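Input: structures, listed below.
Both complexes below contain chain A, partnered by chain B and then by chain C.
After this line comes the complex of A and B, so read on.
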């Protein structure tokens, strides 16, 4: 317990100092994707189900929050809340439809539903189609904290991220999380013990969708932009990549993975290597799958268990 | 011995399962008496596992009826009948490999609490189940392994853990799918003793290949062949039956046919 507390204090301290070393907007981006990957990992790592359509929730959060900021004049926290709620609602419906199937069929249904969402946003008049939704104001938090300052914005994102982390961490270490792990480990056995496994999976799916939408909403406020990139299936693939590279089924893994991938994208896309970014990422993925399947954090944990 | 229908905990009426024209189970009328250890035997492909999966609702019957304590359970979901008190085991040891031995049992104990959906509460409340979990582990001889990660257990111990997990739900009816399958000689004996021990105050229906185990444990035996019931009775009756001898390896006595 004291060790957990110590780690938490170190993490908060790092989050607090980071913007004085690195560019705050870049850090905010990393945290948004880390939250997205955390949410995704709740499903893949702890319930053992692979969604290939999580971009739909990230994108929905972004578009709904963007729309609210542009059209309703509500304060920022309410717009983010609205985006999150929209993602949760969409997750509730998509979850109901997809969870009846298992494994690859589940992944295919989530992909199909996410593609449907993509084309809906492409055609819908309020999204700006190919151009995206631009010039979204950051607004004021609670009506008095001005978010135009990047440092302030960063700290708000850091708080949202910590909230998301707390939700996932608690869900994993709860009675519910214990059943979820049992389902991941041996679903027929969990059924034979009397658990309605689909109900548990659905709740996990909705939590995951809501947090993904929270990440999308926050990202939209940071960048003042919501675009089709966030609902494209590439994004669903990217979050899988982040989670696997970092370490599936660990709490830190998705955070490490997201940091690494976002950093690579940011620094490589501006330089000479920009054209090769997908090749490089593919290469990283192949290396990860071939030589350290537990991801960076998983491998580290193994190493630690062996040597200390 | 006369038995009226309320003595039967599980009854099937003309149970049929067809797979695309192939009849795997045909008109099976099975009556399992309360308090018995009832064995379901038969040569390979006789439909034992299919019957077992029908009873546990992992398969839906094409026709026929299944009743548990007189209640029709034919169209129920597997998790529903588990909550009624029918708990099954699996052919391959059904444990949660990356949870500890204690956690395995606790997951079962947890089901009767009403906080399993509470994702906002700390799992520390599960510690209140630890005493009961330790008791159950002691009863199957796994007390010292409580904190071992299950995947590190020997095979025979995994099966013992499975029984402890099943017992955690205090089932009225236990359905065991080949409980000694893949075990060495020593483990077979230990598991058979364990089954006898846990059979007090409950009914057990088991599919079993090992006829020595069956002869030692079963009060009543149903022999299946090609999806239909060949004969039924206690071990002596069944083992003397010429049809059964015929079904198992020509005319040899079934004792030798323990493959």
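After this line comes the complex of A and C, so read on.
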């Protein structure tokens, strides 16, 4: 059995056992954010593009899925698909605009576009403004799997997460992913080799936006809530932090980072330390950038390469 | 076609000009820092917030008047800028500039989080200096003195900065450093010092804007992050090619925002972002941008 298959089986086994050790809804939250960070890392880690506006896609997935569940009576999987499609469509438009500029301009443009999205959702009649969209039913998957059971819900989220992981993993190990890495390492060279660099970046951006929206849609179903928190610029910052802590440009990094940050937030929000959460996140940012740029997984890979 | 109420329109235009004055000061600071350091300072909004809070706290602690604060606070903020540049930004100056962007974002989170923790998230009032209370009655509108003062002082500071950079010896060093720092260093100019001072000056401008803003907006921890994202859009619209461009675009966007508030208030929060989208389609390098 190859090493990749062995790791995959271990991972699936862990996902299957986990809800018997930890609270399923917490695990579902971790997996949603892990998927979000995976999607984000496809851009930053493999194409070298920093998006500062990914909250727009997470939030769009959540709001559109929530709207569909509340108003159309469609089954859960269709509502999630609709949310994902909406995120992909928004990503297609924003991606087209943002890839006209590079580097820090790209970051500023995506941040500004995400802020535009924030205001649109704040003012739109269907989102409930500051109160958010509440009481969204979980519904039934394919019309017969009842999702009100937290354990069932968790396994559905785990499957969605595995699907997202497979998409990202397939993308970066394909010729498409190789071109992305070439762009990251040396863009002028990729251009001179005849690649339509902007098209590759745009496709990566749309995939990333779609998966982020998938994460947002799923999260909305789990928590039965869609709110402005998910479109706020803080959220765009959080996903960057998750990726940075875990390890930019590694497949496992965003998953490790998301688990860590979500655990930290859950732990802090219940205790006295809740007020300090943004200060702590700021310090983690500064420390990571100054002296821990490889992240946990990157550092581990380095350690392994040296010692084994 | 429109039933134009001149009184209300000029009122909104005035508010637009005031917002534009702050946009101009902040985007000018960003452009100066970007010119030499090639980084975008995400903490610029936090420095603006810090400026407003310093004015408030110095009044409370030392009884420092508005006029003294207007001179002292920018220096305090600039000193913090020197420390940040020297000890945090410089060690990673040779890495990809995305790292310095993330670093300054972290600093902004720390500052905003700390002030929220200490003073709560709702705003605190800072009273208008006695000398500038009251206002003038113009034929078509009422102009409060303090608002006139904001516009005038912002235009003067922007003008002086423009003059210093474009017309003086120090400005020539700065522009040379933007073009080719190695060569400038070879001529015996202390480039690292110039970089530090430039950063300090850029954030000092934000501190100045903060003091100026304290009497008109309530002093709140999130006052900086909200305005900064708009200023980013303005920087994209104007392009960072020129100092004058940053100033003009800032004022212009303030006016456009004011006009939108009058004609179609629902879009006033989003109009600048929409202009940014339009500019990206028509002229991606920005109105004053040089790079392709």
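The rule is simple: the second predicted complex is superposed on the first by the 307 of 308 C-alpha atoms of A that agree within 3 Å, B and C clash if a C-alpha of one lies under 4 Å from a C-alpha of the other, contacts with A are read in each partner's own complex, and residues count from 1 in each chain.
Keep in mind that, in the parts below, contacts are C-beta pairs under 8 Å (C-beta built on N, C-alpha and C of every residue); 3 or more make two chains touch, one makes a residue touch a chain.
Everything quoted here is computed from the prediction, not taken from an experiment.
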Chain C versus chain B on the shared chain A, clash or fit after superposition: fit
Which superposed partner A:123 touches (first chain B, second chain C, both, neither): second
First, second, both or neither for A:270, with chain B first and chain C second: neither
Per-residue contact with chain A, leading partner among chain C and chain B: C
Partner chain in contact with A:207 - chain B first, chain C second, else both or neither: first
Where the C-alpha centre of chain A sits as vertex, the angle toward chain B and chain C in the overlay (nearest 10 degrees): 70
Chain B versus chain C as contact partner of A:196, first or second or both or neither: first
Touching partner for A:185 - first (chain B), second (chain C), both, neither: first
Touching partner for A:174 - first (chain B), second (chain C), both, neither: first
Minimum C-alpha separation between chain B and chain C after superposing on chain A, in Å: 9
Chain B/chain C common contact set on chain A: none
Touch list for chain C against partner chain A, complex: 39-40, 88, 91-92, 95, 97-103, 105-114, 116-117, 225, 229-230, 232-233, 235-236, 266, 269-270, 273-274, 276-277, 280-281, 284
Residues of chain B defined as touching chain A within the complex: 56, 58, 77-79, 82-83, 87-90, 94-99, 103, 106-108, 110-111, 113, 115-123, 125-126, 165, 169
For the chain A and chain B complex, residues of the former touching the latter: 170-171, 173-179, 181-182, 185-186, 188-197, 199-200, 203, 207
Complex contact set, residues of chain A against chain C: 50, 97-98, 100-101, 103-105, 107-109, 111-113, 115-116, 119-120, 122-123, 233, 237, 240, 244, 275-279, 281-286, 288-290, 293
